[in-house]
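The following blocks contain the structures, represented as structure tokens.
One chain, subunit A, links the two complexes that follow: it is found with subunit B in the first and with subunit C in the second.
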Partner chain A sequence: MNALGMYVARESGLHSLHPLTKVLLTLLFITAGLTLPGNWTGYFIVAFIVFPLAFWGRVVSNLFSATWKVSLPFAISVILIHGFFWGEGTPVFEVGILSPKWEGAIFAAISMGRIILVMSVFLLFSMTTRPDALMITLKQAGVPSSIAYIIVTTLQIAPSFQRKALTILDAQRSRGLETEGNLYIRAKALIPLILPLVLGSLMEVEERAIAIEARGFNSGKKETSLIEIPDTPLQKNIRRIVIFSIFGLIVLGVLWRL
Partner chain B sequence: MAFVVLKNLTYLYPTSEKPVLRNLSFHIQEGEFVAVVGPNGAGKSTLCYALAGFVPHFFKGEISGEIEVNGRKSSESTLDEWVLNVGLAFQNPFNQISGAKYTVFEEIAFGLENIGVPREEMKKRVEDAMSLTGIGDLADRSPYSLSGGQQQRVALTSILVMRPRLLVLDEPTSQMDPIGAREVFGVVRKMAEEGMTVVMVEHKVEWIANFADRVIALKEGQILLEGSASEVLTSEALVENGFGVSRYTSAAREAKKKGLWKKERLPVTLDEAAEGFNLTRNA
Partner chain C sequence: MFENIKKEFTTRTLVLIPIAIAINIAIGELVVRLKLPVYLDSIGTVLVGAIAGPWAGALTGGLANLIWGLFNPFAAPFFYVAAAIGLMAGFAGKRGAFQNETPRWVSVVVGAVFVFSLTLFILAFINASTDETGYTSYPSMSQLFSQYLGIFIFAILAGAAIGYFLLQKGGYAGMWGLITGIVAAIISAPTAAYVFGGVTGSGTDLLVAAFRASGGGILASVLAQGSVSDPFDKMLSFMVVWLIIRSLPARFTSR
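This part shows the complex of A and B:
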């Protein structure tokens, strides 16, 4: 696990886009997927926009494997629920009380398209945007520093939490805690893991608050930034168009559904 | 007028029953390097938090008495103003990494960004601070990829770069190898010579004796002893009160009982010990 959560360091055009441009494009693709008519729009955007962008950003394989991992649990639950509990329809097969319906399966596939779209767009954004650049951009856009800090560091919580959990687990194991075996043994092993993990995390939060406060985080002075985030007039224009399009899509989406 | 003045400071954490600091008073002159020693629970870390403004501004709790730095009272100041003059680095380096930066260089610049230092000046100050603490070669590394000792150097550098008037360090070398720790003592000594006032909690008594101007021995929130390093660190009272003492002091104390230590004062450092035992040998 690296320090920056999901960020994949590469030299690419997509990486060098202004973070705000990418935030807005992310919102645009999601809005488009959810408002445009047609059942398969989600898949269409993923296939013809998101993955070509990932190719540009040189993160296709990373995006593919991450999207797959994140979407799989959703896919399983959506297919189970809609496949097996669809009311009336054409059965795919019938075994006892189990009788999945074609209509349910199709509905599940449509829903999955939307889930995959949202996941892949967020993942692509996280993989190609440096958290610190995002933080500076958010602050420049008027987001309060503390909110920007929380957004950016939250992206990194999962890896840090996982690292700490493994350390605690190793420590407990070295003192004889059984962590392998049947479900009951594994469940019992969770108790001595969770308490130190939660308490430790709370203490960590307190110390981190002290550390950043000691470095003038709330000094109230006008902040500066070490790195410059390149922006271009073209991107500024694109952002205006994107904002306009997002609102347009929302209005159209509402009208279509009336 | 002393640069740091503590007057009858008593402090109780919101969740504890007895005060951690009890009626504590001392003065520190500008540019002085004061080391604080004491067993666990003596109130060393709390004293650091008090000097750095976090007690009581961050931890709340009950406080009486006064903390004054450079003529300003902590009670009449806000934490955000206070931290501009007083820098704090503490023991666990991992929790001192901001988590919002990509490289060590950017991590060290974090504080300067917060206080609005212009970009070019910021770069210069970060470079200077990194070369001072000897971590120039880590500039492009991720702060998370470093060893504990390296992270401690980054934490120290991140505070030094802010150029505080008072530097408060709570066991800043606990994860360093002996050579690294010695270098850090040297850096802190140099900062003191340039006029920075330093309060440092440490267990490495030999290096305290080598570098610090004065030592305060703290026990149960009160000053047990205060004075020059060789006075305080060789005192019998430290042993009686469960403080860690230098192995050279212990050896010489044993030798003295057998008449093998001729000098008046016991040694703290290797050099002092060598000098004393040479006297015995040549006698």
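This part shows the complex of A and C:
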């Protein structure tokens, strides 16, 4: 984990879009994939919207390998569970107690479409948007600066906490803590690892609170930013349309299913 | 009400939240290294709920999943479940579940009642029958009791033992964890079933397969899987937070 998330630095039109536009488009694609009727909507959106956008953003190979990596465990589970444990249906073949059903295979394919859609849309967003730029625009859009503080700080400190956890693991091992063996031995090792991690971290709270208060965190005055995020009137209009479309899709999606 | 929410978000709470999310991630890493069959990925969230209050806990949980979603999109759609866990932890904290010691016999009762209901639930689920019209009928309680009396007695004894040896003096915290786990299982099942085809891509999918094989529908199987694994996981998380809070210096918890 690092502070830039999955960001892939490239010069592209998609990268230079206003982050809020990309947030709203991400939400729009996912809402569309989950609300529009038809079983294969997910695949259509991935093929005809997400893929061209990734091409525009010059991250096709990164997006492909990352989506593959996160979707593969789901694919295995979905195919095994729905292929082989479907219950009643038309069998594809029967070998002993194994009899995969067509209905199960189709359901597995439909589910995979949704999974790949959600994974690829989120990953495309995080690959083409810098988290710090996103925070600046969220603040400008009226999201409380405390929320922005939480997100930025988390991304900054999480890697050092992971390192700290591993340091504690090594330290406790060198004092003779057994971390390998049967389940009972491994489970017993958990508390001597968690307590130092948490208690040590909580001691930082006081220091950090004083530090940010000393920098005027609670002043209530509007902040200015060193970095300007470019925006265009066209994108502002697109964002309005996207917001209406998301609400429209949700309402229609509910009506279709009634 | 609004004033109460505002009062929870002091500077100290705001500083605590990112640290808690980082703790979630770091403990998740430790659990993977120790190859333990649990998640324990919401200890930080429960901690904020316990120290700062329900709304701070809910914000921690929700943001934790959304931020983690930047790395693994699977977490993002479940942000509302994590928020509910933080909220429940906050309510538990307000009722003193994390500060007080519980008499051990209460822990015994909590453990016994829980394992008993879990057994009842699973047996009712396995023995449910669906007729041609798609109507699912469940066996009656007396039928189950006469058929599985031995299993029920064993479940009560095993639950009592869990209560006595595992919950020990943290009975109330454990109980709140169990309730939170059930709530989490119920509200996460629809998203898991609809968006992800009922799978998580991890070991718990074996349970889903088992429930599907015994004839349950997809949503029902996901719910059953969650009801088996979530309460235990959240019980452990709440117990760990109970231990943490009792080892904190008094100046930390007095606010």
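One rule holds for everything that comes next: the second predicted complex is superposed on the first by the 181 of 258 C-alpha atoms of A that agree within 3 Å, B and C clash if a C-alpha of one lies under 4 Å from a C-alpha of the other, contacts with A are read in each partner's own complex, and residues count from 1 in each chain.
We adopt the following convention: contacts are C-beta pairs under 8 Å (C-beta built on N, C-alpha and C of every residue); 3 or more make two chains touch, one makes a residue touch a chain.
Just so we're clear, the structure is a prediction, and the values are computed from it rather than from any experiment.
Touch criterion met: A:Pro131 reaches subunit B and subunit C at once. Touch counts on subunit A: comparing subunit C and subunit B, the chain ahead is C.
After overlaying the two complexes on the shared chain, residue contacts for A:Asn237 are found with neither subunit B nor subunit C. Shared-chain residue A:Tyr149: touches subunit B and subunit C both. Of the two partner chains, subunit B and subunit C are each touched by A:Glu204.
Of the two partner chains placed by the overlay, subunit B and subunit C both lie in contact with A:Ile212.
Once the two complexes are laid over each other on the shared chain, residue contacts for A:Glu228 go to subunit B alone; subunit C is not touched. Of the two partner chains placed by the overlay, only subunit C lies in contact with A:Ala165; subunit B stays clear of it. Of the two partner chains, subunit B is the only one touched by A:Gly220; subunit C is not. Taken together, the two structures place residues 131, 149, 153, 160, 204, 208-209, 212-213, 217-218 of subunit A in contact with subunit B in one case and with subunit C in the other. Those residues of subunit A that touch subunit B in the complex are listed here as 2-4, 130-132, 135, 145, 149, 152-153, 156, 160, 204, 207-228. On the subunit C side of its complex with subunit A, the touching residues are 9, 11-12, 14-19, 21-23, 25-27, 29-31, 33-37, 40, 43-44, 47, 59, 63-64, 67, 69-74, 76-77, 194-202, 205, 208-209, 212-213, 215, 218, 240, 243-244, 247-248, 252.
Residues 1, 5-6, 34, 70, 72-74, 76-78, 80-82, 84-87, 107-108, 110-112, 114-115, 118-119, 121-123, 126, 131, 146-147, 149-151, 153-155, 157-158, 160-162, 164-166, 169, 179, 183, 186-187, 189-191, 193-195, 197-199, 201-202, 204-206, 208-209, 212-213, 217-218 of subunit A are the ones that touch subunit C when the two sit in their complex. Those residues of subunit B that touch subunit A in the complex are listed here as 49, 52, 54, 58, 79-80, 83-84, 87-90, 92, 95-102, 105-106, 109-119, 122-123, 126, 142-145, 155, 158-159, 162.
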